[in-house]
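What follows is a single structure, and I will ask about it in a moment.
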Amino acid sequence: MYSDKVMDHFQNPRNVGEITNADGVGEEGNVRCGDIMKLWIKVEDGVIVDAKFKTFGCGAAIATSSMITEMVIGKTLDEAEEISNTAVAEALDGLPPVKMHCSNLAADALQKAIDDYKANKQSA
Amino acid sequence: MYSDKVMDHFQNPRNVGEITNADGVGEEGNVRCGDIMKLWIKVEDGVIVDAKFKTFGCGAAIATSSMITEMVIGKTLDEAEEISNTAVAEALDGLPPVKMHCSNLAADALQKAIDDYKANKQSA
Amino acid sequence: MDRIYMDHAATTPVRPEVIEAMLPAYKETFGNASSVYSWGREAQKALDDARAKTAAVLGAEFNEIIFTGGGSEADNLAIKGTAWKNRHKGKHIITSAVEHHAVLDTVKWLETQGFEATFLSVDEDGMLDPQQVRDAIREDTILITVMHGNNEMGSIMPVEEIADIAREKGVLFHTDAVQTVGSLPIDVKEMGMDMLSLSAHKFYGPKGVGALYVRKGVRLDSLIHGGAQERNRRAGTEDVPAIIGLAEALERADEERDKVIPEITRLRDRLLKGLETIPETRVNGHRKKRLPNNVNVCFRYIEGESLLLNLDMMGIAASSGSACTSGSLEPSHVLLAMGLSHEIAHGSLRLTLGRETTENEVDYVLEQVPAVVNRLREMSPLYHQ
Amino acid sequence: MDRIYMDHAATTPVRPEVIEAMLPAYKETFGNASSVYSWGREAQKALDDARAKTAAVLGAEFNEIIFTGGGSEADNLAIKGTAWKNRHKGKHIITSAVEHHAVLDTVKWLETQGFEATFLSVDEDGMLDPQQVRDAIREDTILITVMHGNNEMGSIMPVEEIADIAREKGVLFHTDAVQTVGSLPIDVKEMGMDMLSLSAHKFYGPKGVGALYVRKGVRLDSLIHGGAQERNRRAGTEDVPAIIGLAEALERADEERDKVIPEITRLRDRLLKGLETIPETRVNGHRKKRLPNNVNVCFRYIEGESLLLNLDMMGIAASSGSACTSGSLEPSHVLLAMGLSHEIAHGSLRLTLGRETTENEVDYVLEQVPAVVNRLREMSPLYHQ
């Protein structure tokens, strides 16, 4: 069902955890659907220098969470905002059709984390 | 499906043929239903001394035809008239339910042959 | 002489290689194909492979194959499934009078559920004229279902032409190809089929498994509701061993077709020619457009079941459309639809050859049948030399 | 440690003795059971024997058994068949909210065909109160269908009491006994059943074959129309090998029940007790009135599919009512019907034991599950120690 890449990220998820002094936090999903992702980012000079996640969800949800943290670290905020859900799915060598909605979760949580960072900065 | 007795009578039908100077002839059935039996009897002093048949029909039809000829030979007309279709079926150790109508054929042809004999005698 | 099996249109033995292919799925790959764990994934992979093979042989796409519990279920699913789904569009169904009961009785049952049906007649060779189909189409026609090869008298129907008409008129077309898949080359796209039924035990696969090809875009209601198997179109834990067997048997039949079918056809023609020399014998079905393994004749004055029982005594397994083999009084609806009288229709004999049929077997049959026919005719009150 | 299979409620491997019993019917006794010749009669005899065995184990009569292509088909046949047949009498059907989809989706589909349905709720142990059934019966109720053992959380429903009520009210009663046949003793007469479904692959028989017990006198429309097989109630060439397999597996399950079931129950209880020690864990289903092999728990804060995948990595095959294993977003309809919140319901785990389950396997599972649960909780944004 899942590609080897998905299984690798599921079995050895990268960047699990929280960032205590995060610059931005985003949460997406709800318990009804069985998928919640929370993403923390650390930003320096417009570049995401660290990202961590916690996810309640299926194999695809965990793998996409892990994958997106890997993808964003080192990217500028502008570059990070460009990351689409299909890009995440592609980076994982694809997802089963019924699981495509999980990749939305990750991209959406990232967007929220970036928005949160921007809002924080504005109000600071 | 068929009992050994049925198969025996089917494989080695007794009394197949016609009686040229028969005292009574009965025919029952029709091509529509795929079953026609013709029965000839020879009567002496109220006793059936010979019986022969020709039958177009299934295994059960042929076996019941054969059986009824065996059953009637040596019987008085009164005794022969008593032979019911269930008696024929029983003598064959039973027939499959869907084949029970075939035993009617034989008993009915016999009745017709006896009726024919009586009519012949009356008019003689 | 061993027993001779000449009823391959009824069913066939499972090929040893097919059994071999199936066995692992009983013991090791036994998992539920819908499960996430390794046993389930292994079963799912076996299922995917089988579906890919099946689709490839038929010229279909992977997702266009629905596995079912047999040919009858495939026919029922195609007909009831599209009838229910298109109920709001119309209620008229067109079929032929010589269909297998799995189609005929399904359509008749739908008549009791508010649908209307036209049963098209056939000519004396059992052939359906496509023009008749065209003429029968109404505003509210939702489905045409006409079989490919007739299981009884072997005629091959002009399904491609009917499919063209159906497409032109925007009506769905289903064909029961249970008798042709495995012996004739089938390409659903080239043939223009919307739906096509097949059954594994007709081509040396296991019983209790079949498939329905459903062209992408054709929607139908399920016949068996429940789990999401077969993309929600046929519920029930997948019978993985049987499905593997179906695919394996189909692939092998496809591979050996060019070698096997000409030989079967040759033997079939010898048999037919030999039987024709028996007086007052009628050959049923089209001479040319005919299933390669089908011989069907009627011997006047005798009845089919007693013929079969006599042949069985000689070690020959054959079939008849005889009423008495089916427990009804009416002889074969197929032969009657071709215009045969009851008397003749009752005396039908079907011999269907297979890949293991030999020249010797044909010789033996040709020796025995005339003797048996004679014996029964002498016993028949209808027969007068 | 080899892989451990703890999903026997999904399917079971076929017993070697059952395969042995089936094999001859693939090669030698392969004939069409409806034929008159010797191959056909041999197949018919095998079929008769299988039917007699099946009937004997269930306390039914020979002619009260209809073989089908699986449990789902049996459920569909029972429900649609009686609904259509009794359409003129009424259109109301009563069932429970925790049925298998083969029942639930069938009833829901009938709602689209002009029938009306009541889906009775259950208590927090998943039990249905018979009084509710009594209250739900209307003038036009034609069928009550309530499962025997629940496939997910294992509760055993009071089907005898419901059958009494149904009889008193003159309403037909069907039970889906797919999860109980083979493990609980079943006597259809004593239990007062009108119809009862079973599926062979749940008790070490082959997939793709099931049966419906139909009490003499109960009439139903066919689901699959066509040939006159199964006394006109289920068309299609009989799958003799599979039917032999069903009967053989059923008989063996029946014979070994007293030896095997207590041992499975003991292991089940150990497993359940061990898992309960994990904090924030809910045991689902009735504690006592429970399938002997069923363990079902919910671990708060985690999701079922990722739990299963982790267990699979440890070599453990298990199941979950998790939405993500079924491709939908809603978690198990059964757990929701018992009043569980979405959050908890998503984290369900079902372990179902079998005749080959060992003490060691239970130990291993008890060692691995807590570790996996922990690992996932640490990853969960909902979890705060």
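Note that the chains are named A, B, C and D in the order they appear, and that numbering of residues resets to 1 at the start of each chain.
The rule is short, and it goes like this: contacts are C-beta pairs under 8 Å (C-beta built on N, C-alpha and C of every residue); 3 or more make two chains touch, one makes a residue touch a chain.
Remember, predicted model here, so these are calculated numbers, not experimental data.
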Which chain is most remote from chain C in terms of Cα centres? A
Determine the centre-to-centre distance between chain A and chain D, using the mean Cα coordinates as centres, and give it in whole Å. 40
Centre distance in Å when chain A and chain C are each reduced to the mean of their C-alpha atoms: 55
Give the residues of chain D that touch two or more other chains, as numbers and ranges in rising order. 36, 305, 309, 325, 327
So which stretches of chain A touch two or more other chains? 59
Listed by label, touching pairs are A-C, A-D, B-C, B-D, C-D
Would you tell me which residues of chain A are touching chain D in their complex? 7, 10-11, 13, 16, 27, 31-38, 54-62, 98-99, 101
Contact residues on chain D for chain C in the complex? 3, 5, 7, 10-14, 16, 19, 23, 26-28, 30-32, 34-40, 68-73, 75-76, 84, 100-103, 105-106, 108-109, 113, 199, 201, 206-209, 221-228, 235-242, 305, 308-309, 311-312, 316-319, 325-327
Which stretch or stretches of chain C touch chain A in the complex? 36, 41, 44
Can you name the residues of chain B that touch chain D in the complex? 1, 59
Across the complex, what residues on chain C touch chain B? 301-306, 309, 313, 322-325, 327, 329-331, 341-343, 346, 378-382
